[in-house]
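Input: a single structure, listed below in structure tokens.
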Amino acid sequence: MAKLYFKYGAMGSSKTAQALIAKFNYEERGMRVWLIKPATDDRDGADVLKSRIGLSAVCYPVEKTCNLVDAYLKFGKGSDVIIADESQFFTPEQIDTLRWLVDEENVPVLCFGLRTDFMTHLFPGSQRLFEIADSVTEIKTVCECGAKATVNARLDNDGHIVTKGHQIYLGGNERYVAMCHRCWQKRIEKEKNYMLF
Amino acid sequence: MAKLYFKYGAMGSSKTAQALIAKFNYEERGMRVWLIKPATDDRDGADVLKSRIGLSAVCYPVEKTCNLVDAYLKFGKGSDVIIADESQFFTPEQIDTLRWLVDEENVPVLCFGLRTDFMTHLFPGSQRLFEIADSVTEIKTVCECGAKATVNARLDNDGHIVTKGHQIYLGGNERYVAMCHRCWQKRIEKEKNYMLF
Amino acid sequence: MAKLYFKYGAMGSSKTAQALIAKFNYEERGMRVWLIKPATDDRDGADVLKSRIGLSAVCYPVEKTCNLVDAYLKFGKGSDVIIADESQFFTPEQIDTLRWLVDEENVPVLCFGLRTDFMTHLFPGSQRLFEIADSVTEIKTVCECGAKATVNARLDNDGHIVTKGHQIYLGGNERYVAMCHRCWQKRIEKEKNYMLF
Amino acid sequence: MAKLYFKYGAMGSSKTAQALIAKFNYEERGMRVWLIKPATDDRDGADVLKSRIGLSAVCYPVEKTCNLVDAYLKFGKGSDVIIADESQFFTPEQIDTLRWLVDEENVPVLCFGLRTDFMTHLFPGSQRLFEIADSVTEIKTVCECGAKATVNARLDNDGHIVTKGHQIYLGGNERYVAMCHRCWQKRIEKEKNYMLF
């Protein structure tokens, strides 16, 4: 039976490259892929998936109000797999419709996405995926200290860590850096002391 | 460096047995374990961890208002590891203090707990663990159909699935049954139709 | 479709307890389990599985020359799952017959066993499982230094590490200790220097 | 402490792409990578790593007789990580020297490679890695039937599965295809019957 997969990782863990490699592997075996992402993320164009390492592909852009069952039946029907990137930006209802497609249409769904925002809180889409995915696995990356990076630190123009603001602020890699929790805490502590002077 | 582990599973996946086995393994190597659980769960006594397979141990009961750093320094100091059961019932703030103990005291923390309630929503404690744990792994169990069970269905006295009510209702195994998402949905659908007659 | 699982771990990682918990979980859902182990391992009786933590169960003892397909059809037919402990002692041919049961009878097979002997070499049964299992996962335990233990050190009566001898020497836990590779190497190095005086 | 990782997968599971992405992630954080592969595999040049999806990089070619500690001290010293592709072709002794570098130089080593040959037997390099790696994880890919592919079937010019011959035969993807064990067995069975006519 088909499954719903959540493959989560920090910023810069190559989630998009992994999504594109999964697509490549399926297509190489003659299978059909429906590639989607939330239209919210239009940094590289709302209908393009682009990885920093140099891979890219055209995808179906999913608006906030889009019913994914309708969209699937219209644009994805007959696919052997659905691959979704930036899944943290889907609404919980959209994740529920992906779950429905897994259960009723028996099509596997691979969701790639961020785990948490810059304040270590789940995004609505990633929360729903942690709740109902059949398989939850981490795409790992490394902190500068050598440990695994798990926190997405947001930096201001001076390179200081920001701990207030809106959850979504799409400014590319130069404003976010993945760290381990220990380094993140230490740096916040250090910069807090610095602010006093 | 020490890590914060979240080992989640459905009802009846032997989470408590796993916690007690982890304790056994550490102690067999001459290491000290601080075993804790939220006092909320007092089905077997607030200070007892008890597994259906027949294992049990005395643990430190953690009240909702307990500061876990203070409690650790008072009762757990010098431990080689902290093992927590029923971690879904910790408050988010208590998970944050466990995170602090990992980062600052360099003591590993193993949290065992449920992923979601009977309506497939995260508990406050499991949500915070999904957000900030270093390692997230599933303790698997099986649905009657043979697939992996991921949903904790709540049953009423007639054995029908309940889809409304309070998040916490501690009534033992006879009122909950772990199922795969597909079987859970099918049974809700079937019982809904039945209700019409 | 059913799968062949290999769940490997070092000495003292609670493999037998895990096998018995898996059995318990299946049976609690009303499913039938065929529990087996190689008759080679008769420390607790050839037809008993016994865990140090205090759990035990009767099992079918598999002789070196036993054809597991025949034995299954005679003694295990109709089971929902086959659970095997001490799988490192099966012959490669016996693992192949378990593989056949998975593919042809569609019965899942869970094999628990050691990864390597006291010289870090695979056992015949574990080698075949690493080659053809569908799922390979580690049952973790801890070295005295706090790292993960992966090597099964054999100790002589004076507590020194042995690096020569027969692969199989069933003497219980008092003669084996699980260590991380780094600690194992350091201790061999240290004891070698000591031997010179 | 540094670890020895074995990331194994079937043919066409994008192992090389994964090795190059790991390299990219380390370098993006300003860390130094020593990229190596056995010189045996010279399909794309002995000193080039090339992925079917379009990624490539220059690497250090390791001869059968190469002492990897010497080579590391000469060419890789000061690296933050060693990344090795096609690790199944290393000799067991070379894997032991990588293990030594992990333990003594505290440098993490990521080994990507095939699990088994076309007859489902371990390669010498992959066998040693299954024996002494700290972390063993699978890079998954899909069989045409939708299940996970685990077997590397070798095909002759007519597309029939070959079950005899030398372990190493580097002829590119057109001669190998990754399958699940069930499909592989069924096809061998079917072609065997076909041969009788």
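The first chain written gets the first letter, and so on, giving A, B, C and D; residue counts start at 1 in each chain.
Definition applied: a residue touches a chain if its C-beta (ideal position, glycine included) is under 8 Å from a C-beta of that chain, and two chains touch if they have at least 3 such contacts.
It should be emphasised that the depicted structure is a prediction, and the values quoted were computed from it without experimental measurement.
S.K.: Touching both subunit A and subunit D, which chains are there?
M.R.: Both subunit A and subunit D are touched by no common chain, going by the contact rule given at the top.
S.K.: Among the chains, which is located farthest from subunit A on the basis of C-alpha centroids?
M.R.: Between subunit A and the rest, the longest centre separation is with C.
S.K.: From the mean C-alpha coordinate of subunit B to that of subunit D, what's the distance rounded to whole Å?
M.R.: Between these chains, centre-to-centre, one finds 39 Å.
S.K.: So what's the Cα centroid distance for subunit C and subunit D, whole Å?
M.R.: For subunit C versus subunit D, the centre distance works out to 27 Å.
S.K.: Could you say which residues in subunit B touch two or more other chains, in rising order?
M.R.: none
S.K.: Based on which chains are in contact, what kind of graph results: line, ring, star, complete or other?
M.R.: Shape = ring; chains linked end to end, path closes on itself.
S.K.: Of all residues in subunit D, which touch subunit C in the complex?
M.R.: Residues 1, 4, 99, 102-103, 115-116, 120-122, 127, 130-132, 134, 136, 138, 147-148, 150-151, 180-182, 185 of subunit D touch subunit C in their complex.
S.K.: If you look only at subunit C, which of its residues touch subunit B in the complex?
M.R.: 12-14, 17-18, 20-21, 24-26, 28-31, 52-55, 80, 108, 141-144, 146
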